[in-house]
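Two complexes are shown next, each including chain A; its partner changes from chain B in the first to chain C in the second.
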Partner chain A sequence: MPQQTETRTVIVDLERCMACRSCETACAKAHAGYEDIVEAILADAHMVPRVKVIAAAGVAVPIQCQHCEDAPCATVCPSGALSFDEETGEVRSEPARCIGCKACVIVCPFGAVEWSRRTGEIVRCDLCEDLIEEGEEPYCVRACPTGARQVIDLDALAQRKRQEAAQRTVLVMTAKP
Partner chain B sequence: MASSSEQRSSDPASQEMIEHAAACGFELAWDRYEAMLPQCDFGKLGICCRNCSMGPCRIDPFGEGAQRGICGATADTIVARNLARATAAGAAAHSDHGRDITHALLLTARGKTEGYKINNEKKLRKLASEFGIETADKDLKVIATEVAELALADFGRQEGELRLVSRAPEPLQKKWRQLGVTPTGIDADIVRVMHATHIGVDTDPLHLMKTLIRTALSDGWGGSMYATDFSDVLFGGPEPIRSHANLGVLRPEAVNVVVHGHEPTLSEAIVAAAQMPDIRKEAQDAGADGIQLSGMCCTATEILMRHGIPVAGNFLQQELALATGAVDAMVVDVQCIMPAIADYGKRFSTRLISTSKKAAFPGIKHMVFDEEHALTSAKELLREAIEAFKERDPKEAVVPDVVEELIAGYTVESIFTTLGGTYRPLFRPLNHGIMDGRIRGVAGVVGCNNVKITHDWGHVEMVKELIRNDVLVLQTGCAATACAKAGLMRPEAAEQYAGKGLQEICDAVGISPVLHVGSCVDNSRILLACVEMVKEGGLGDDISELPVAGAAPEWMSEKAISIATYVAASGIFTVCAEPFPVMGSKIVREYLTGGMEDDLGGMLAFERDPIAAAHLMIDHINKKRAALHLSEMMYEAREPVESEAVPAK
Partner chain C sequence: MRLIKRAPREQKKGRKVAVIGAGPAGLYAAGWLASEGYTVELIDMLPEPGGLLACGIPDLRMEKVNLREAVGELRGLGVAFRLGTKVGENVELEELIEGHDATLIATGAWQSRKLNVDGEGLAGVYSALEYLVDYTLARHSHDGEPPALSGGIVLVVGGGLSAVDACYVAREAGAAQVVWYYRRGEEQAPAREAEPEAFRLLTEQVDFHPLTQPVSFIGAGGKLTAVKAVRMRLGSKDASGRPRPIPIEGSEFERRIDYALVAAGEIATAPPGAVECGIEVADETALRTKGVVITNEVTIPVESSESGGPLQYVSIPRERAVRAKGSTSPRAAIKVDGRYRTTRRGVFAAGNVIDGPTQAGFAIVEGVMAAVAIKDYLETDQWPAEPYGGVYEWQELLFG
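Then we have the complex of A and B:
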């Protein structure tokens, strides 16, 4: 069985998110094959963002596929169109195998899977696999004007948090009353 | 990674200074553009609205999320309102400039200005006669007062039609009336846009198009036209004149004063003051060999046209001129002045001085100029420059050795002497050249610079393509400066680049194939040249029948939106490079690029590639030639000259 080297995901610093929805437009354009929104609009391209900025309690929260380890969408998918890739830690789609049962849409706890009536396919974040493999950032991350979005390796994140927690602990313990 | 100097500009002087700026760690507009990427797609499509505090609202361009703003405004309404406001801002800029010139004429007539006089009596009398003013036995100052007062009344006109509307061909006036877009008053039309675009007023996108077309027309056939007319009256009607352009006009051994901005009132006074013996002596005493005046942006074109003062550069060269370290003072007034230039005042001894009561800039010394003390103020500014020269470190001055010759100074009146001679009617040689098939048609190529397209490349490539196809080109503003720097405004350019038919005409009358007709308000000269072509006869009864086209290959300002709109609404097919921020509305987009032609005879197109854009214009001109049943073109288009310019970004 292939070894998973790192678990990558896109995280969002909610304090930096300005709700400009640049991630949405960048994602939708790129997956429709365009760089320029004007060209895409004039070509009547089918543009669907895989990330959605949702307002909750006055805070903007970008929502997208979390690439769950125990992914309900992959579990319920009867045709094998959705599967969890042990090597990369991503949920992968094979649109050609999709039969359009929409079970994934129903079970996703984040509402991150959508059914496109126009193309007859499911639409969800693919973490811009090709870009990540070339060592580049996904389109949504590149488009964020405040740097709120980042691709991180979860192990590295956990390591950093441990380091920060340790630092705080030391500070508390050594603080003079 | 920063883009290369060749990607940023096709002009060698600019390339050199871009590299120098990078080596010195100076930040330029191109650097700031790259830091700004990616730019907001909602803004590009024009579908965000900030007109009330229930918003901001944005329409989801993918059709899934919000399709209406909180008030219910659709993408079509929001796009139309935003474009209307941009048009009003552009029209306001030109018209407020026009108002100042008109006011300066009035003050001069009343004997209240210092250093100005009425330089063009002939044009003043012609205007008085056009305005129905009795001039017999009247003092020139009284005539000027009456003319200026009537013009100022047009700015505040509350009913009826703008006075200069009557200059348009009758069929065009009729189209405007039928559509309900005839301008009323310059200020009132701008106010109407601001009212109409307030929350809950005009929300019909096509009705909003009429409102914005009306204000654009009040710019082209009002504010801008008055600015041109009264600048000619006050400062003299330009005549063909030789000069130079590009950063190489800065001379390290002289006190270099660059005037930058738009209104000629200040720059005219500086031109006069720089020639005064006391100021010249002060400059020499400081160790300089004189005062070298040069211009930037449209101020440059104003003093170029009337005095042959050399042009230092166009919009994207303002920082590059300062980066030379050889500019002792940059004196600015209004429009297209980057606040970023303040950095250079800290880096060098350069004095940066803003002079308009309308515009102050953080970090720039504000010395308000008024017409009553024009010469005194101008001398003060020049003394600041002389002081700066004394402090200048000669080792730091780096000036590119790049300069090009040009001929400027063409106007509707001066083409009279150039084209037809004194005894022949004005535009006959031009119209005959077109009818015979030597000249395919005429194009106005105007507008700004824009970091989104390689600096000067859009202008120069388009214009070369047009003249190669025997299209005579008229230019204003930064577009004119771009082509002047590329050598297209020398008579020799006809032989180098023009098609055979155009070359024959240029040789016969001794002009270059690309004519400099002034600043951005002087686009009104292009409108009036079209009027003269119609009057001359043989090319139809309206501007929309003429084989002419317009373009703005590097536009960026709201003024350009107003210009393109009034040019199209006057019946001229007009191509803009960067799309207007209207693509989020099918209704608005389709009206501007289609429906408008049914209503007014002219429309817009958007094409970033300057060669492709040139061919849209040529195709349009050919279509108009065919409709007029004109002769076949006498010669095939010339083979393209190998271009050394790099493609646009």
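Then we have the complex of A and C:
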């Protein structure tokens, strides 16, 4: 059995995010096939970030594909460009199959699917599947200077949170009045 | 693609819903309603479910395997398909409305606009949509032979995605040469707006002539042999916000062609008998407020007053042109309120039949929203005279 990727995903620690948008730039240039941003701009590369940092009530919130269980985008996609992989729990995209009907853009609750006028295809976070499979970190995670973005194993995350919750409980129980 | 909900309700509610049109809007509505436990009957004129998704979009642009799987699931849930059934011919609309607790009209936009030029009735002149559908149906081994284009010079007219698809299919069907005319400039082509890269590639592969419009088709023995066309220049902006194409006098020319595929746009197509059933059909103004731009002008040649003088061209609103020629029936977009209710109790409409041609995605979402409205109606049995404003928030619908 291959490496257990089904529970791995990217999470963002909002307290650490300082809205520098390094993730956006890194994502856009990497998916355009460039390492250097200046080179990409000079080459008029098609740069669209798959992750976005959005200001809401004075706080920066990174928004990206949530890989919803029962994902609406995959439900409505008639051409198979978006599909839900039951095994990995990921929404997978095959932009080449996109017919540009835009149903996914309409139904995505997070605005995480965009449709590129230039290519006529959908643009959304693919979790850098190839990189994760090779045990590497996605571009946005690598670019994050504060470590706010992390690749996380959901099982490990739950385990860590249980541990933290237990510690809090103990602290409360043993706290002196 | 999935048409049914993840956890469909098993129990039958004993209420029947007819869905007319098995295109994107109808299929998704049927799936949603069937998942809710309603007995759904889908009626479609084509031998295959999917509407334009299945037969209008060429196979080379979209694989149909997902669609077929999803339709299979829908059948598995007990949805009855009455295919090859045309309302007004094989079944009356009134009969369907009477025989079901609710009816959804999702008949789309099938009627092709005409160029309204001489010779459009010649053998060899097809509406692009009609050709695409016939071609795809034949490919899917249904009855009917697609007109052979092999070895011929094929003219495609139009600037939208149907024109693009027509070019691709003409090449696939063995056309020796594809010639493409569009009356406005390249910058104004809706297909370029929609898919710039694909558009650019295609214009390099075919003989593309922007600012060119046919003024008549010429035939011999009832068969198309040539096109007479005129070059255009761009004038001030028209009602659609794009520069108006104006014919350049004296620029007419003839070109030999064997076939013509006319993609001048489609219009909403209500089923025959809708008005008689008390279903109001929207006017052009209603469509405009929904943000749908209607190309409302057509250029027709007019004989100048002095006999033997040169032909003159005038641009007149298309509606008037259509009516003056008495050729096609008037636009038939069904009027609905914020919950997709028509003016007839228990009858709903969604998809392109209410707002003219759009991309499939909008029809898909509308189909689901209309399905929710139908469920609301069947559960509450309320049909207030006052139209509902606004529309549902789709989020709750898909997650529900």
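Here is the rule we use: the second predicted complex is superposed on the first by the 171 of 177 C-alpha atoms of A that agree within 3 Å, B and C clash if a C-alpha of one lies under 4 Å from a C-alpha of the other, contacts with A are read in each partner's own complex, and residues count from 1 in each chain.
Definition applied: contacts are C-beta pairs under 8 Å (C-beta built on N, C-alpha and C of every residue); 3 or more make two chains touch, one makes a residue touch a chain.
As the structure is a computational prediction, the values presented were derived from the model and not from experiment.
> Will chain C clash with chain B on chain A after the two structures are superposed, or do they fit?
The answer is fit.
> Based on the superposed arrangement, let me know which partner A:29 touches: chain B (first), chain C (second), both, or neither?
first
> Could you tell me if A:159 is touching chain B, chain C, both of them or neither one (first, second, both, neither)?
After superposing on A, A:159 lies clear of both chain B and chain C.
> Check whether A:143 is in contact with chain B, with chain C, with both or with neither, and answer first, second, both or neither.
first
> For A:47, using the defined touch cut-off, is the partner it touches chain B, chain C, both, or neither? Pick first, second, both or neither.
First partner only.
> For A:76, decide between first (touching chain B), second (touching chain C), both and neither.
Second partner only, chain C.
> Per the contact definition in the header, classify A:169: touching chain B only (first), chain C only (second), both, or neither.
neither
> With both structures superposed, pick whichever of chain B and chain C touches the larger number of chain A residues.
Comparing touch counts on chain A for chain B and chain C gives C.
> Minimum Cα separation, chain B versus chain C, post-superposition (Å)?
Once the two complexes are overlaid, chain B and chain C approach no closer than 17 Å between C-alpha atoms.
> Quick check on my understanding: which residues of chain A belong to both its chain B contact set and its chain C contact set?
On chain A, no residue contacts both chain B in one structure and chain C in the other.
> Which residues of chain B touch chain A in their complex?
38, 40-42, 44-45, 58, 61-62, 64-65, 579, 583-584
> Please name which positions on chain A make contact with chain B in the complex.
Answer in residue numbers: 20-22, 24-26, 28-29, 37-38, 41-42, 47-49, 52, 142-143, 145.
> Help me check something: in the complex, which residues belonging to chain C touch chain A?
Residue positions touching the partner: 1-2, 6, 24, 28, 53, 57, 61-63, 65-67, 193-198, 359-362, 364-365, 394-395, 398-399.
> Okay, in this complex, where on chain A does chain C touch?
Against chain C, the touching part of chain A is residues 70, 72, 74-80, 83, 97, 99-107, 109, 117-120.
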